[in-house]
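Structures are listed in the sections that come next.
What follows is chain A paired twice: with chain B in the first complex and chain C in the second.
Presenting the complex of A and B:
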C-alpha cells in the first residue's frame, strides 16, 4: 500500500469513525453506572455509614472498620476459612478433571465417550439453589438417602454433613468437585486432542507401553495448561464460592464454613453494618485485584497464556 | 498394538467401569429428586424412595402448579431470561464490533478496552452496588435483575476475538459498497458469527435462569421473586418472612414430594436446553482458550 492510498484510507476511516463511537455509547454508559459508580461508594469503608444519612452525611471513622476487620476474631476466622476452602477446592478441582481426562482419553468407543461426557458436564449448569435443595434433602440426618445408605451398609451413626464444621468443609469441597470436574475436563481434552500422534508412534517404536506413553508424553503435554489453570485459580483465592456456601451453610457451621462473601452479606445487608461490610468487600477486591494481575502475569510467563 | 495386550484389556475393563460409575454419580441426585417428586407422600416421608418412584402419583406436580406464588415466579423468571438475554445480545454485538477493529482503524479503541477491562479487575463490591440500585429506584423492578450484568466484559472479549477472525476483505467490500458500519455489522458480521452468538446467548440464558441472589436482595416483596429466588428462600432457607402464601400452599410446601417437584421444575429448563448447550459450549470454551 503506498502513501496516497494510506492517506485516502485514513481519511475515509475518519469520516466513518463516529459511527463506531456511537455504537460504544450504551455499553459505556451502563458500565459507568453499574461498575464505576459503585467504585465511588467504597468511601463508605471509611464511614460509619447510615442509609438515612447518605454518603454525604455519615460520620467519617478513618481506618476503624479495617481495624475491626483485623482485630475481631470472627473476621480473621472468616478470612482463614475462605483461604482454606479455596485452596482445597483449587487442588481437588484440578486433580479430578486431570485424572478424569486421562481416563477418558483411553476410551476408544466414541459412543461411550460421548455418553460419559454428556452425563458429567451436566451438573455444571445446574445452580447451587437446585443442588443446595437436593443436597440438603439427600444429606439430611433423619432419613436422607446418603445417611440411609451409609448406616445401612456400614452400620455407622448418621453423619452431620451440613451441621458439623469439618464435615461441612469436606461436603463443600466434594460437592464442588462433583459439580465441576466434568466441565473441567473440556480444557484438558482439547489439549489431549492437540498432541502430535507421531510422538506416540515414536514411543511405540522405542518399545514404550501405554503406561510409559502416558507418563512421558501425555502428562508432560498437559502440564503447561495445568500450570496456567492453577495460577489463574490462585487469582480467585478469596472467592470460595458464595453461591455454594450460602445455599449449604447454616449457623451451626459459621465457625468453619463462613467465608468473606457470606460474611459481608450478613454484616452489611442483614445486620445493617454497611460501613464495615464495604470495608471487608474493599479489602477483598484489593487483594483480588493484585492476585489476578499477578496470576495473569505468571500464566503469561510460565504458560505463554494471554487473554487478548 | 498396545490395546491388544492382556494388561491393557484388564485396565480397559476397569476404566470403563469407573467412568460409568462416575458419570452415573453425576445424574443420580437428579434421578433421586425426580423419584421423590413422583412418589406418594407417605412413602416419601417414610424415607422409602431411592431412585424409583414408590406409589407413583403426579399429585406433587399438580399442587405445585396450583400454587399461585410458584406460577408467578416462573413467569418472572421466563420474562427476565428473555429480556435479559435480548439486551445482553444487542449490547454485545454493537459493542464488540467497534472493539474488534484495529487500533488505527478505530481511534480510541485501546482506551475503551481498558475502560472495560478495569471493571474485571476491580469492583466496588456488594454494598455500594446494592446502595446504588436502591438509590436509582431500581429495586423491586425487573431492571435491577437485567441491567447491572447487561454488559459482560468476558463475553465481550470472546466476541471481539471471534469478530477479528472474520476476513477484513468482507468488511472493506461492504463499506466500499456504501454500507454504514451498522449495516455491515448486521448483514456481514452477524450472519457469520451465529455459532459464537448462540454459545454466548445460551450461557446468558442459563445464567439468568439460575441467578437468585439479585432477586433476593433487590426485592423487598416475595411476589416479585424470580423462580430461583423463590426456591432459595422457601426450600433452601425456609424463610417465609417476605412471602404471603395461602395456608394450603404453605402446608403443601412442607411436603417433601412437593419440594422435590419444585426443585425439579426449577432445573427442567436447563435440562431441556442442555442438548443445545452441549453442542456449543465445547466450542465456547475453546473459543476463549485458543488464540492465534
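Presenting the complex of A and C:
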C-alpha cells in the first residue's frame, strides 16, 4: 500500500465517519479533564505540600519524598512483601477462576450452574472490615472453626494463621481468591459462551473426547482473555490489597505482611503528608506502567498476540 | 477542508466545555463569597453600631444587639441526633444562642464524621483559598499544621482578655494543656479541656469468681498471678472445661488502650509508649527503660501459662472485652466507665455474675503506675480575620458560668433544654428514656466540646461514693445517673491518681520524629511481640534498646528534652 492510497483512505474515513468521531468528543473531554488535567498534581511528589500554600506556593524538596520511601530501614523488605503477596494473588487469582469456569462449563443443569455462579460471586460484595472480623474468629488458634476441623480431622497442632508470617501470606492469598474468584469466573464463562460450537462439532467428528476438546479448543480460546487479565493485573502489582491486609495484620506478622500501602498509611497518611502520598502513588504508577508495557511486548513477541 | 472544520468544531466544543466548567467554578466561588459576606456583613453592620461605643460590639440585656454572626464548620457524626425535624443549622441550641446571646451561628459547611471527611474538606477548602470560619475546632494533632499556616491568631491573649473567671479557673487546673500550642511564647490554640482521671484505670474483677474459689482480690502482682492461676485452672465458671482466662488485655499496638496493659508494666516501674522521667529525672521514652524488660518477661510467662489469651497481640479492645462479657475471663484493667460499657453485659450473659472495681496491684518493689490520657483531645483555633473574638467568648463564658456547674433554680438546673435532655412531668424532672419523644443531648450541637471543669467529674463521683449528700444540681444529676460500680471506681481512681504518669511530650512531631518515628514504633512493637511469643529471647530487649537509640531514638530523645525545657517543664 503506498502513501497516497493510505492518505486517500484516511480522508475517506473522516468524511464518511465524522459523526462517529463527533460522538467521541464528550468522552475525550471527560478523559482530558478528569485524567490528564489532574496529572499536573504530580508535582506534589517533589514538594512539601501544604494545602494553604497550594501547588504554586509549596516549597520544593527535590527527591526528599522518595528518600523517605526508600531510605527507611525496612522499605526494601516492605517492597518485597508487596511483590510476593501481589504475585501470589495474581497467579492464584487467575488459576482459580480459570479452572472453576472450565468445571462449571461442563455442568449441564442450567439452574445449578446459575446458582453456583451467584454463590461464588457473593463474597465480592462483602467489605474487608466485616470479613476481617469473621476471619479472625474463624482462624483463631483457640476454638476457631478452621483449627478445630484441622485438629479434629488431621490430628495436627493448631496453626496460628494470622500470627505466623508465612501462614499469614497464605491466608491473605487464599482469602483474597475466595472473595474475588467469582468475578473472574464470570469473565471466563462469558468467553466460553463465545466459542464457536462448530469447532467442537468438528473435533467430535475427528474423534476427540471431552478432555481433548478442552485441551485443544477451550483452553486456547481462553488464552487471549487470560493474557489481558494478567497484563492488567500486573499494572497493580504494588497494590497488594490495603483493605484486606490492614484489617488482618498485626505486629506479629509485620516482617512478612507489611506492604507498601499499610507502610505509607502509618508513615504519612495519618499525618496528612500529601507530598509523600503522591510520591508513593507516582512510584507505584511508574512500576505499573513499566510492567504493562513489558507484558504487552512479551505477549506480542512470544504469543504473537496484540492485546489492544 | 472538512478535516479542518472538524478540528475547529472540536476546539470550540472544548473551549465551550471549559467555559462552562469555568462558570460553574466561578459560581461556586460566588456562592462562597456570598456565605462569607454573611459574617463580615454582620460584623460590619455590628461594628458600625459599635463605633460609637468603642471597639467592642454593643450589647443590651446581655446580648448582642444588633445580632452578631459567628461562623464555624463541623463534622456531624451519627451520634448527633435530632428531634422535631431540627437540623444542625437550626435547633434548640442555635435558637438559644440567638435569643439569649444575640449570636447568629452560621455553618460554612458540615461533613459526615466518617472517612476523614472533615479533614479532607478542610484541606480542600484551604487549598481553594476559601474563607476559613471564625472558629475552628480540630484535634490537637491536626492543630499543629494549621497553626503553622499562620491563619490563626494568638488565642492565649484573647483568652486572657475575654475569658470569664469560671472559665479561667477551670483552665488553671491544667496549665500544661497549653504547652503543645505555644509558638514564640504565644498560645495559638485554646485546648478543649476535658475531665481528668476519667481515663485512669482500676482493676475490674469478677467478684463471683473470687467468692466461688474463696480468693481475695489481689493487691500485688504476685497475688494477681495466684488469682489468675485459679481463674484458669480451677474452673471458675463451673462448666468442667478449662476454657477460662485470667485477664483480658490488648497488646496489639497501643499498650495503654482503654483495656490496658500499661499498669502491669507500671507495677515494675516504667510505663511503655509515653515520655516519662527516669530515675535521674530526665525525660525518656518509657518503652526503652530497663524495667520494661522484666514486665515483658512476666507477660510472656502469663501468655505461656494461659493467663492471657494466646491471641492477645491480635485483639483490639472490643475483641478482648468479648472474652470478659461472654464470661470467659475474670480481670480487666480499665477506666471508671468500663463497667457501664461494655463489661456490664456479662451480667446479662452470665446470670449471677458480679463485677467489682479494685485498686491497681503493686509490683515487687511496691510500685504502681499507669499512663494518663492527657488533659484534652480537641483545640479551638480562632481565625486571624475574626474581628470580634468576644462573640465566641461570650458564648463559651456563658456556658462555663451557667451550664458547667449549674445553680439550683437556674436556667440549666436539670439540663440544657426541656424536652431534650430532661423534661418536667408533674413537678418532677425526668431524664433519659422517660422524656416524651426520647432523649436528645443538645450539648452535641455546641460549638465544640462542652464546658468542663477538669477535676469536677471523677472527684464528685468519688465524694458521692464516700457518702457526701448530693446538693448542687450537678451532684444530684450525677448521683442519679451513675452506677454504683462507677462511683466506687471513681473513689479508687482518686486515691491512686498520684501514680498516673502524664505523657511529658505533647508537642508537634519533631523533625526527626517525622522521618523516623513510625520505623521506631514498628521496631518496638515487633521486638516486644517477638519476646511475648517466644520468637526471640528476653535478652533481645537489650538489642532492641541499642537499635532504637541508634535508629534515631537518641536524637528524638534530645529533641524531646529540648522541647520540654523550652516549655518550662522541670
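Note that the second predicted complex is superposed on the first by the 204 of 308 C-alpha atoms of A that agree within 3 Å, B and C clash if a C-alpha of one lies under 4 Å from a C-alpha of the other, contacts with A are read in each partner's own complex, and residues count from 1 in each chain.
The criterion applied here is as follows: a contact is a pair of C-beta atoms (placed from the backbone, for glycine too) under 8 Å apart; a residue touches a chain by one contact, two chains touch by 3 or more.
Since the model is a prediction, treat every value here as computed from it, not as a measurement.
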Contacts for A:257 in the overlay, against chain B (first) and chain C (second): which applies, first, second, both or neither? neither
A:120 contacts which: chain B (first), chain C (second), both, neither? first
Answer with first, second, both or neither: which of chain B and chain C does A:21 touch in the superposed model? both
Applying the document's definition of touch, where does A:51 land relative to chain B and chain C: first, second, both, or neither? both
Thinking of the overlay built on chain A, is A:38 touched by chain B (first), by chain C (second), by both, or by neither? first
With the two structures laid over each other on chain A, which partner does A:136 touch: chain B (first), chain C (second), both, or neither? both
Looking only at contacts as defined up top, I'd like to know whether chain B or chain C touches more of chain A. B
Would you check which partner chain A:184 touches, where first means chain B only, second means chain C only, and both and neither mean what they say? neither
State which residues of chain A lie in both footprints, the one left by chain B and the one left by chain C. 21, 33, 51, 136, 143, 274
Over in the complex, which chain B residues touch chain A? Could you list them? 1-3, 5, 7-8, 11-12, 15-16, 18-20, 22-27, 29-30, 32-33, 36, 47, 50, 91, 94-95, 97-99, 101, 104-108, 112, 115-116, 119-132, 134, 136, 147-148, 150-151, 156-157, 161, 175, 180-182, 185, 206, 209-213, 217, 228, 231-232, 235-236, 256, 259-260, 263, 266-267, 270-271, 274, 277-278, 281-282, 285-286, 289-291
Can you name the residues of chain A that touch chain C in the complex? 11, 14-15, 18, 21-22, 25, 29, 32-33, 50-52, 54, 68, 71-74, 136, 140-143, 160, 162-163, 250-252, 254-255, 258, 266-267, 271-272, 274
Using the touch rule from the top, collect the residues of chain C that touch chain A in their complex. 2-3, 6, 9-10, 13-14, 17, 21, 119, 123-124, 126-127, 129, 141-142, 145, 148-149, 151, 243, 252-253, 309-311, 313-314, 319, 509, 514-515, 518-519, 521-523, 525-526, 528-529, 533, 551
Can you check the complex and tell me which residues of chain A touch chain B? 10, 13, 16-17, 19-21, 23-24, 26-28, 30-31, 33-42, 44, 51, 100, 103-104, 106-108, 112, 115-123, 125-127, 129-138, 143, 145, 148, 178, 182, 186-187, 190, 204, 209-210, 213, 242-243, 246-247, 261, 264-265, 268-269, 274, 277-278, 281-282, 284-286, 288-289, 292-293, 306-308
